[in-house]
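One chain, chain A, links the two complexes that follow: it is found with chain B in the first and with chain C in the second.
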Partner chain A sequence: MNLVEAFRWIADPGNWGGTSGIAARIVEHLWVTFLSLLAAAAVALPVGVLIGHTGRGAGVIGAFTGAFRAIPTLGLLTLFGLLLGIGLAAPMLALVILAIPSLLAGAYSGIHSVDPTIAGAARAIGMSPAQVITRVELPLALPVLIGGIRAATLQIVATATLAAYTADYGLGRYLFAGLKTRDYPQMIGGAIIVIALALILELLLAAVQRTIDQRVTRPSTREKLGSRHG
Partner chain B sequence: MIEFDAVSKIYPGGSEAVREFSLRVPSHRTVVLVGSSGSGKTTLLRMVNRMVDPTAGRVLIDGEDIQSRDPVQLRRSIGYVLQQGGLLPHRTIADNIATVPILNGMPRKQALAEVPALMARVGLDPGFARRYPGQLSGGQQQRVGVARALASDPNILLMDEPFGAVDPIVRRELQDELLRLQAELGKTILFVTHDIDEAFRLGDEIVVLKEKGLVAQRGTPQQILAAPADEFVRDFVGVGRAERQLVLEEVDGRTLAVDGDGRPVGILRA
Partner chain C sequence: MARQRTALFALAITGALTLAACGNGTDGNNEPDGQAGGETLVVGSQDYYSNEIIAEIYAQALEEAGYTVERDFRIGQREVYMPEIEAGNIDVFPEYTGNLLQYLDPETTETTEDGVYAALQEAMPEGLRVLDQSDASDQDSFVVTKAFADEHSLESIGDLADVEGVTLGGNSELETRPYGPQGLESVYGVSVDFTPIEDSGGPLTLKALRDGDVEVVNIYTADPVLAEGDLVRLEDPEGLLLASHVVPVVSERVDDEAAEVINEVSDALSAEDLVALNAKSVNEEAPAATIASDWLAEQDF
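Moving on to the complex of A and B:
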């Protein structure tokens, strides 16, 4: 019963402490997830927002995100590993590339879905292009845009196990080490923790998305509910 | 005063929206551009706040070619009301109305303090200030749109079929409201509509457009109804329509005006 043993492995307090314990590896795992997401967002969100705003290059989005999604991350990682050597640089780069399509698509379709008459009216009463983006399009696009962040986060946190391929970093260590030494409880235990982490992040981001939708994008729906109760 | 000086607009790709249109909109007057779709009326309106730049000719405001003005600054100095209200759905009514003064640099607090008076001016209950556009009826949203356009007290109001999306009774109310406001404020109004009755009700002067900004006739409502320039205007104005064919009938010692279908529409004053 590997599964039972896996949970026993997780439950063993001896596996949690120390610099290579589960707690430390969860922190590492979240950190590499966060950094990759940040780097990918810094590239993809502005580009997606600009393309959504101007409508220029919209055709490229579909082709580009499709092509990017087809790239196998493990293959990419191997390639970067060969080029950049041992360390975190190669897996981070692979994770950034993994996250870009979701972020780009989220930002683009969020902005693109804003009613053009609303953005046009904002321009016509004297908002500068930057003001139209920050005060009108972004607030209205946020739920869709955060949906993109949500998808990207999920992909990264699940795939960040690959960081252990070229570096002693993150929860993937348990998978690789367990596989090598045939310590399946450890391997499955590591996988379970990654799954739990992904689920927690998913629930958290779904809640953020809902809150933003109700408070920023469609505050009128919240008001209506409030007045119905009071 | 707004002047169109032989403006043309050809879009990239070759479609021609307006051909050599000239017009003078005198200060403090309401001029209505009326025409069906494809007449170029909205394009002409949008040339005044540089939402569209003419490919030939000039647009002047008080004698100054607006091509030399910064488009964003120019738009902030002109009130603009459009069909669907164009309100920001994620901002309260108060924030929507205060948008332009804030863009013009007025402190937010001061801009919001002026909102109740503006709402009262356009016939809105100031109690709506903290609601959102989606919670208001179409007619109320249009009033908000007018209040927003008036907020920074511009000399010029551009109105692009502002009452086109509301039902006839509300439209009539809004038209009356605009006439009352205009009597008080004396703005220079350029108004676009496809509804000739609306044009007759609101315009000091009316410009009937054929396609591509070609002027079929211009004049006061009286002039146009009394002497339509050609068949196109006659059709457009509906001179032959039963409701425009009035005859007088004596009923119980009063003189009634009766339309072509025999329906009474009014009483002749003694």
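Moving on to the complex of A and C:
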């Protein structure tokens, strides 16, 4: 019954307008997701690409990303909240740390999986290390790298509800307010919207990944590489 | 064949566990009955550390006065222990006026200290009564920093009306509660913004208050943090927040002499005392019995 009520809550146009309406909350939610992803990517992608390219510190990646993934985000949020005070900074920092392992692993394994003979060939025709990365390895690594971004996005958009723990921000407000006042239609309605956002972003990024995958690894190329190894 | 044996084994295990569980249950139930009788008074407490300290104080004061006391502590929530008290299994139980009144009479509109106490005396079930209420309370309250209170010479919630740009911080449900922003406006003419901080007056809320991110927060009056001295509770003369003072619920087996002993305790237990007792429990992790006996010694009981 709550589920029916929840959809009724979503369908009510009165819940959509204003500064605390659903539309505004969705924009806030996507904005905090985007900013956290951007900050995490700025840290994790260059590091992952470099480690994949040089092969140095590759052993650390596994241990590091594993340990990072085990950190409970709510605990981290409380810790940062005590250091930084309330507001958006603490939840965003926690979301950045949540997203880093997926991005790092995606960038590293993307570059690492590029056939070393291709990079060797690129060097042999006189490319500088920077050119090898940007012109050869990165384009070939892109499908896997986008996969990392896709996983990170899904994690952030689903966890960004925690922004409402210390700030008047995002779709998490419906979950907290609904839970505490036993307004379950509101709580479930908010959760359904978060799920819908996550699914839409997932489908979009999956489509992007597929398109790039087809462009990068043309069937003919793949066959040749495959036959050489096999 | 193998499967059949496994099934039998599972059945045997389940049976053994069930028997063990039954055994524990009957043992637990038999104990109080065996010891009851004579001048023994049963003192109970909620499953809440602060309540247990108060119950322990009642128990030790009664023992000092020559009564035999049996302790039945940490019974759980009101829904669990009230039927026990009404059935006559418990004789003395520390309660809180406002919350108990709302439990007994959900329709009540009383919120002030005296109004709640008077209504509570009326609402008590047959065979039970409340003794004197204490100055000590455990209820919602609005708290500001001492510096902020000094700067704007604040004593009561109403004094906030002259202060611009006040933000109230608390769990998101506070925004819609009758004593939230709307109640502040309608009862005291105080308009506030609201910022959700979802840790129920915990460390994040206190950090936000001390940082000046919010000016007012909702903290329980018995919270040990109030012992730290940098926070001030705003008075609530209009009863915006439900008053809930410590009050003993007693059965008919508590005679005038015993009632007198407990009333002396209630009279001596100040609001500051209760905060200090709670702080001792939280900060020093002292057991309730030690905290209670130390306090009673200080009070010359």
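Heads up, the rule we're going with is that the second predicted complex is superposed on the first by the 215 of 230 C-alpha atoms of A that agree within 3 Å, B and C clash if a C-alpha of one lies under 4 Å from a C-alpha of the other, contacts with A are read in each partner's own complex, and residues count from 1 in each chain.
FYI, contacts are C-beta pairs under 8 Å (C-beta built on N, C-alpha and C of every residue); 3 or more make two chains touch, one makes a residue touch a chain.
Keep in mind that this is a model prediction, so the values were computed, not measured.
Applying the stated contact rule after C-alpha superposition, one finds that A:124 touches chain B and leaves chain C untouched.
In the superposed pair of complexes, A:176 makes contact with chain C only, with no contact to chain B. By the touch criterion defined above, A:81 lies against chain C but remains apart from chain B after alignment on the C-alpha atoms of chain A.
More residues of chain A lie in contact with B than with the other chain of the pair chain B and chain C.
Once the two complexes are laid over each other on the shared chain, residue contacts for A:164 go to chain C alone; chain B is not touched.
Of the two partner chains placed around the shared chain by superposition, neither chain B nor chain C is touched by A:14. Once both structures are placed on chain A, no chain A residue is touched by chain B and, in the other complex, by chain C. Across the complex, chain B is touched by residues 117-118, 120-128, 131, 135-136, 139-140, 216-221, 223-224 of chain A.
Those residues of chain B that touch chain A in the shared complex are 46, 49, 51, 72-73, 75-77, 80, 82, 84-90, 92, 99-100, 103-104, 131-135, 148-149.
The touching residues of chain A, when paired with chain C in their complex, are 78, 81-82, 85-87, 164-168, 173, 176-177, 180-181. Across the complex, chain A is touched by residues 169, 171-173, 175-176, 194-199, 203-204, 207-208, 211, 213-214 of chain C.
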